[in-house]
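Read through the structures below before going on.
Look at the two complexes coming up: chain A is in both, with chain B in one and chain C in the other.
After this line comes the complex of A and B, so read on.
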């Protein structure tokens, strides 16, 4: 178990190092523009999976938590010119609280009611922001980027590295939860909540924990958005596409292991970026839909599930009769 | 160390449906008590009340243990399990997509039981060799009898002092029912347990019981202070044999 741990952290450090080197070496801004989006989805997909994959409670309101994170940054920038780190930390706390609150109101009910409630949360917060003039209301708000911090020569590149750090952080959190008794309890809840209760699994507490952590990570992913875009408006920030993608990516990659959402996000995110640039930006939504349906029907265990099946087929073929 | 579970005038239900009416019973240390009743008469509801999964609207449930007197009606299920009460639920309620071993590990979820996980797992495998052979098999793919065994073993993983068994005979062949009930008695003796067993199969339940109650439409209609008293009661004959 310890060897696996070392391998993970070595890999994580290497990934960050690679991101930094790329930021210092590659000139074409587009790669970082697109790469930021892919990494953002790694965080969102990983965050979603903590509640949706591990516990089986499907959240349709990722856009709400993401949007709350983004608008927390807007408020902090406008009011205090707060540095990025403060924006991210505050966004995580507020979105975490939102997760906790949503959970408290709905997690006493079984799965499907929670899912319906999360749709409502997204709509509620979008409406709130639309009516809040301080953050620009429906028109949105334009923000000036502060001077870039050395050694990066562009703000986008710096944000790319920040998002890489967030991605590694999110995956580390998911990995820790998955291997701990918390993860065991969440898996029990997913498989049979009643049985879990009988065995003394504190189901409500664990669900609230997962909801809070998931929300916090989604908020953290949203925090750098205003600076990334220099312009934020509610319709695109609270967009359903974030909710759908955050759900589709873990399903495509595989929901039972932290690697699944990463694979799904990198794969789907990259395909979406390519389609947006080469064919059309409308079509990229179609891509998500088609892949999602395909995987749910043909490979509900996702890519990781397919790999596992291949492995077991191969090993049983090799084993002596 | 006097262990006693007292239920006094408990009323409980699901929304507008009243399932229990002024139910009182007692469980004393070292006893095997049978709770006899046919389908839909409140046995499972009572078990759930004892485990904190259903809140009684009236009445008291008190556990006297280690010198303390605790109100179970106000506690969370996880706290009740930590105290030393375990339930083998109706219909087994296993984790079908998890392996036998993962099911057993989850039985020891409470922090107090985690430290003894390995020891208790070894105990379980010693007493249930069938489970040991199938430790990596998915629980949902086991046969009915194996599943019942797993459900009981899982309940024992928390090293309980009181074991609530809810209708262990459901879905099992007569031979397996006999075997399962005998196993419960053996485990009770071997692990120094106190057992409350809800059953429809009156004959099998009375076979291992020290005494018992009969529940009809959510009310305790008879208390048998010995197994014989239970068996010879008119109600048992009419309910069980239809005479």
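After this line comes the complex of A and C, so read on.
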């Protein structure tokens, strides 16, 4: 456990150092433009997995939390010209509160009812934003980027590094939850909520906690979006494809370990970027859908499950009992 | 801004809209309400039915006729989907909940994107003599397309209600919803009954999908709004109640129509989801719950 902890932090620091070095060294903007999206999905998938993977509550409303995060930034930029860090922090707090509220309202519901309720939250917030003139309504709003902070030479590169920090932070949070008693409690809820309750697991409190943390991370992932795009409109910000991707990536990577969503997001996110550039953006969404169905049917444990199966098959072949 | 003199019109239109909403929800009422299948792909099947009607409409078919003609194909499709779902998820137990949900969510998404790839994102519509004209009674103008949709909806609901309460298979379907192990002990095969019922639910979606394209233009991403509407109605109705579905459809239709008249069209999508959240929070067993 201790040794794994050190390895994790060394890896985390290396990943951030690599991101910073790349941002300072590589000239081609596009890599950062695409890399930002992949990292954003690492955050979203990890956040989804805290509630969906550990506790077994399927959130279809990732778009809601992501969108609330993005629009928090829009309001802060419009009203106060707030700096990026303030945007991210406020977005995390607000969407965390939204997660808490959603949890209070819906976590007494189980299975599909919770999932449908999260779709409802997404549509309701999209409708609110569409009808809110101040943030541009349905047509969206154009935003100006502030001057870039040294040592970075472009805003996209800076955002890329910020998103890398967020991704590492999100994974660290997920990893902490997974290893602590909270994670054990959430897994107990997933396996049998009634049994967990009977054994003294504070189920509602744990679910509320998971919902809040998950929502806050999703909001934080959405917060830099207005600056990244320089333009925000509700239809694409609250898009269902965020919800599908955030759900597909952990399921494809493997939901039982913090590494699963990371693998899924990096793999699927990269494939998406390549397909978008080389073929079409519709097809990239189709790829996600097809892969999701395929993995759910054929490999329930995701890529991590497949690897584990392969390993145990190999070791049992090596040591004939 | 608020125009209360339009309220009577709104209510009458809401009643027609409500009947139509009941028709698009009735398949889900069987699949989710009675069979407990987390069928979030139901609205996607509706839109698929609409596009089927659209394609047949290109060959001068009447949309109503296309809807009826599509029913056998959808019946088979439904049986295949349920069979697959049962073999891969229901039989394995434990994590089936999460994965079954993700499965249907994925299917819905694949259908939506598939339709975009084939037909593009443009809105599609069909032509028929009753689309575009309207019936005038006194001061009130009733669009004929809504009347047709509402009439078909009522017939569909009544037919399904009769089927479930009068016929042998229909009663078996309700029995499987109430107590599956007991049915097994009686020597019946619950899986076959469920797959038959799922087929019927999907066939009903074909006709309802044709209604969808009669009522207005259809686009591939339309299933998203209908996730809210159909689940709102099914939950509000109390799972699996057919007459409840009609009543819940009317409640949603009238509320949506009133909100539309008073506040404008951009608020309408939030009505069903808001109502759904309220029902889930206050009375999860629905109005006519079992």
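We take it that the second predicted complex is superposed on the first by the 320 of 321 C-alpha atoms of A that agree within 3 Å, B and C clash if a C-alpha of one lies under 4 Å from a C-alpha of the other, contacts with A are read in each partner's own complex, and residues count from 1 in each chain.
Heads up, the rule we're going with is that contacts are C-beta pairs under 8 Å (C-beta built on N, C-alpha and C of every residue); 3 or more make two chains touch, one makes a residue touch a chain.
These numbers were taken from a predicted model, which means no experiment stands behind them.
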| item | value |
| --- | --- |
| Fit or clash - chain C, chain B, common chain A | fit |
| Partner chain in contact with A:123 - chain B first, chain C second, else both or neither | second |
| Touching partner for A:200 - first (chain B), second (chain C), both, neither | first |
| Which of chain B and chain C A:191 touches, first, second, both or neither | both |
| Contacts of A:240 with chain B and chain C, given as first, second, both or neither | second |
| First (chain B), second (chain C), both or neither touched by A:79 | neither |
| Contacts of A:317 with chain B and chain C, given as first, second, both or neither | neither |
| First, second, both or neither for A:181, with chain B first and chain C second | first |
| Chain touching more of chain A, residue-wise (chain B, chain C) | C |
| Lowest C-alpha to C-alpha distance for chain C against chain B (Å) | 8 |
| Intersection of the chain A residues that touch chain B with those that touch chain C | 191 |
| Chain A - residues contacting chain B, complex | 181, 184-185, 187-188, 191-192, 194-202 |
| Interface residues, chain C side, partner chain A - complex | 32, 38, 40, 88, 94-95, 97-99, 101-103, 105-107, 109-110, 113-114, 116-117, 221, 224-225, 227-228, 231, 235, 266-267, 269-270, 273-274, 276-277, 280-281, 284 |
| Chain C contact footprint on chain A (complex, rising order) | 52, 56, 58, 60, 105-106, 109, 111-113, 115-117, 119-121, 123-124, 126-128, 130-131, 138, 190-191, 240, 244, 247-248, 251, 282-283, 285-286, 288-290, 292-293, 296-297, 300 |
| Footprint of chain A on chain B - complex, ascending | 51, 53, 76-78, 80-82, 86-87, 89, 93-98, 102, 105-107, 109-110, 114, 154, 158 |
